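Next up: the structures, one after another.
In what comes next, subunit A is part of two complexes: it sits with subunit B in the first one and with subunit C in the second one.
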Partner chain A sequence: MQSNWDTLWQHRDLFIAGLANTIVLFLLAAGMSFVLGCVLVYLLEGRDNPARRLLRLLMDLMRMLPFLIFIYLLYYGLPALGLRLQAWNAGLIGLTLYYGAYFAEVLRGARLVLPPGSLEAAYAHGYRRTKAFFRIVLPQLCMRTRGETGNLLIMCLKDTSFLLIITVAELTAAANTMSSQYFIGTEAFVVAIALYWLLGIAIESLIRWCRRFGRARGFEHD
Partner chain B sequence: MDAQAWRMLLDGAWVTAWTSGLAIAIGVPLGLAMAMLRMARIPVLDQLLATWISLARATPLVTLVLFIFLVSPRMGLAINREAAAVMALTLNTSAFNAEIWRSAFRGFSREQREAALACGMTPLRAFRRIMLPQMVVTSMPGLVNEMSFLIKGSPAIAVIGMVDLTRVTNRIAAVTYEPLPPILAAAAVYMALIALLVRLQAVAQRNANRLAM
Partner chain C sequence: MTDTPAVSIHNLSKSFGGIEVLRDINLTVARGEVVSILGSSGSGKSTLLRCVNWLEQPDRGEVRIGGARMGVDEATGRPLSARALAAMRARTGMVFQNFNLWPHLTVLQNVMEVPVHVQGVARARARERALALLAKVGVADKAEQYPHTLSGGQKQRVAIARVLAIEPQVLLFDEPTSALDPERVGEVLAVMRELAEGGYTMMVVTHEMDFARAVSDQVVFLEQGKIIEQCAPEKFFTRPETERVRRFLELEG
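Here is the complex of A and B:
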């Protein structure tokens, strides 16, 4: 008599493919949305003008939207305008834009309370605006916001599971397939949840490592 | 979109509202109960609860909804979609709420508690009369923030066939062959809901700051 766990092990390649898909989507989306967030904060740098106000408004609107509605907009809504995306691409673009807005907001919050001393010192040493931002301001913002960044990364990882609804074969979809094809739902979902948990713990330890790194480089003191 | 489509959209909004509302109504006190149990530091229970909260916070809502819906019949629990959806949302939000309540517990001034006990209040009465009213005010911004995250996560219940505000856009598009208008209308409703909560959070934050001086 074959146990459910044996069945699960037999079809492990399905799970591994789902996990790989989740991780690839997460890594690409996290990296790209973080860069997007940094660029947005750079664009918001300087005196308030209509373009910057519009950008802030767009960021606020994005953060008020549920992630799935945004994905629906990209995947079901855009074809009406003649732009048809594949599910995987729609998922990646959706995650990137959505979390780009969140990252930008977190960094902007830190920028508002950043003491101006280091930036003025950089200008006094002859730094140009762009170089001063990317060499002096941005590293400090990133180190100061790493707690929120960690939370956002975990949210981003969890939100990849929504992509099951637009037929992306990620980790939850793999568990769902196992459940409907081989009737081992309990075991499959226990494994899926455990994997999400492990990934979350890995992100948390990465953030802790960042904290040690920041201390060693003198970004903060005890 | 015609009147029929708007009525369907409203029905979807109602499903989102009552499932999220019920989850919040159960999840907030449940979170408080878990936080109180953790503050009591009962040896084995404490570690169990800590593990449970960590696990529930790490599990995506979609996975949790599917898990509850697919697995509960196998454990002899016959639950329908609605119950599974509310259960998943409640388990998720109560774990986050437990952490918010716990930080309010930890931040509570020890002097006040000791003064209350010295005045002859029993621990239970000191909690109810002195600690709880202040903890409600200090944790309100965090709780409202979590409510808005819950509403943003609530479309997860569509995965087990609940026709909520997100899923209903598919139904409407199946009739009208125009997917864009219902999605934009649903997005506007969500935005109005979240904007309301953000406004509420600002008010709660002001009150919390006033209390903290």
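Here is the complex of A and C:
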């Protein structure tokens, strides 16, 4: 008599492929959404005007949209407007836009409380806007938002599992297939959870390792 | 060109929210001259300094650095392009009350940052020069440390090295010792005195009367946004013309 675990082991390729998909989607989405967040905060630099108010409104609307509905619309809704995305691409775009808005908001929060002196010194020394932002302001914002960044990365990892509903063959989809085809849902999902935990622990370790940068510069304390 | 003043200020006025903080200021600073700007807090002296490098834009009047108009395109009368304004600002170097070092960079990186990333100086040359400047202000041994590990006096000396690295024509000091512990004031003033003796043109907003008296060539006293006395330090401190300055000198001891 074959146990459920044996059945799972026989179909390990499914899990490995799903895990690989999850990791690739997460890495790309995390990187691209972080860059998008940085660009958005840069665009918000300066005096408040209608364009910046609109941008903030769009960021808020994105953050307040349930992610599941958002990707559902990206994949199943956009074709009605003549734009048909492949499931994997729709998933990546969805994660990037969604977490881009979150990263922007986290960085914006840090920007609002950044002491103005270092930027003023940059201008007094002959800096122009763009270079002053990317060389003087942004590095400080990144070092001051380590904790929130770690949080967002873990949420981004977990939200890749929503891509199941638009047919992306990621880790949760692999577990779901085992559940529906071989009726071993419990074991399959336990394995999936274990793998998400491992990935999460890896992310958290990396974030903890980054602590040294802030500590050396006096942004964080023991 | 040596007779072109390092800084000339004509009919400068500036208001914040309807309150006039600078009223019709005229001031000329010759090359190599040290001008101390005195006055009680709120008299407009910091604003005056910040109008010189256009961190504040005056409402009226003009500022010239080495003859070139600050902030305004001479030909069109319009604001300078961002590029031209940045270049003009780099002709002046400002030292701030709160140092404003870049906390994410080491001391050495702070001093190399502008030469390498704005002025296009080769990294090796910028590094050599930065180390020399750090030695000049006496903090060479702190080169690899981050600013937060330094004392106030050390931070301010690093800030001075950072500003010297951009090779400005005029140094602007905005209350450079006001945020320091009393026992740290002397080390910063010593560096400033050395710069003055080295021929730098300096505008110094300060409450250090001994420094103003010993080092400056000219003392300017601001009261409610107007210059009410402007003379050599010897006359200012011994024979002031106004009752206001006499009272100020008594209070400052």
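What we mean here is this: the second predicted complex is superposed on the first by the 215 of 222 C-alpha atoms of A that agree within 3 Å, B and C clash if a C-alpha of one lies under 4 Å from a C-alpha of the other, contacts with A are read in each partner's own complex, and residues count from 1 in each chain.
Simple rule for what comes next: a residue touches a chain if its C-beta (ideal position, glycine included) is under 8 Å from a C-beta of that chain, and two chains touch if they have at least 3 such contacts.
Source: prediction; values computed, not measured.
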**Prompt:** Overlaying on subunit A: subunit B and subunit C, fit or clash?
**Reply:** fit
**Request:** Once the structures are superposed on A, label A:G218 by its partner contacts, choosing first (subunit B), second (subunit C), both or neither.
**Result:** second
**Asked** What is the contact status of A:G77 with respect to subunit B (first) and subunit C (second): first, second, both, or neither?
**Response** first
**First (subunit B), second (subunit C), both or neither touched by A:I136** = second
**Prompt:** More residues of subunit A in touch with subunit C or with subunit B?
**Reply:** B
**Request:** Identify the partner contact of A:H125: answer first if only subunit B is touched, second if only subunit C is, both if each is, neither if none is.
**Result:** second
**Request:** State whether A:G117 touches subunit B only (first), subunit C only (second), both chains, or neither.
**Result:** second
**Message:** With the two complexes overlaid on chain A, check the angle at subunit A between subunit B and subunit C, Cα centres, nearest 10°.
**Reply:** 110
**Message:** Please give the least Cα distance, whole angstrom, that subunit B and subunit C reach in the superposed model.
**Reply:** 29
**Residues on subunit A lying within both footprints (that of subunit B and that of subunit C)** = none
**Fill in**
Note: in the complex, subunit B contacts subunit A through residues 54-55, 57-64, 66-67, 70-71, 74, 151-156, 158-159, 166, 169-170, 173, 178-180, 183-184, 186-187, 190-191, 194-195, 198
**Message:** For a test of understanding, state which residues of subunit A touch subunit C in their complex under the given definition.
**Reply:** 117-118, 120-129, 131, 135-136, 139-140, 143, 216-219
**Prompt:** Quick one: in the complex, what on subunit C touches subunit A?
**Reply:** 53, 55, 82-83, 86-87, 89-90, 92-94, 96, 98-104, 113-114, 117-119, 146-149, 159, 162-163, 166
**Prompt:** What residues on subunit A touch subunit B, complex-wise?
**Reply:** 61, 64-70, 72-73, 76-77, 79-81, 154, 157-162, 164-165, 171-172, 175-176, 179, 185-186, 189, 192-193, 196-197, 200-201
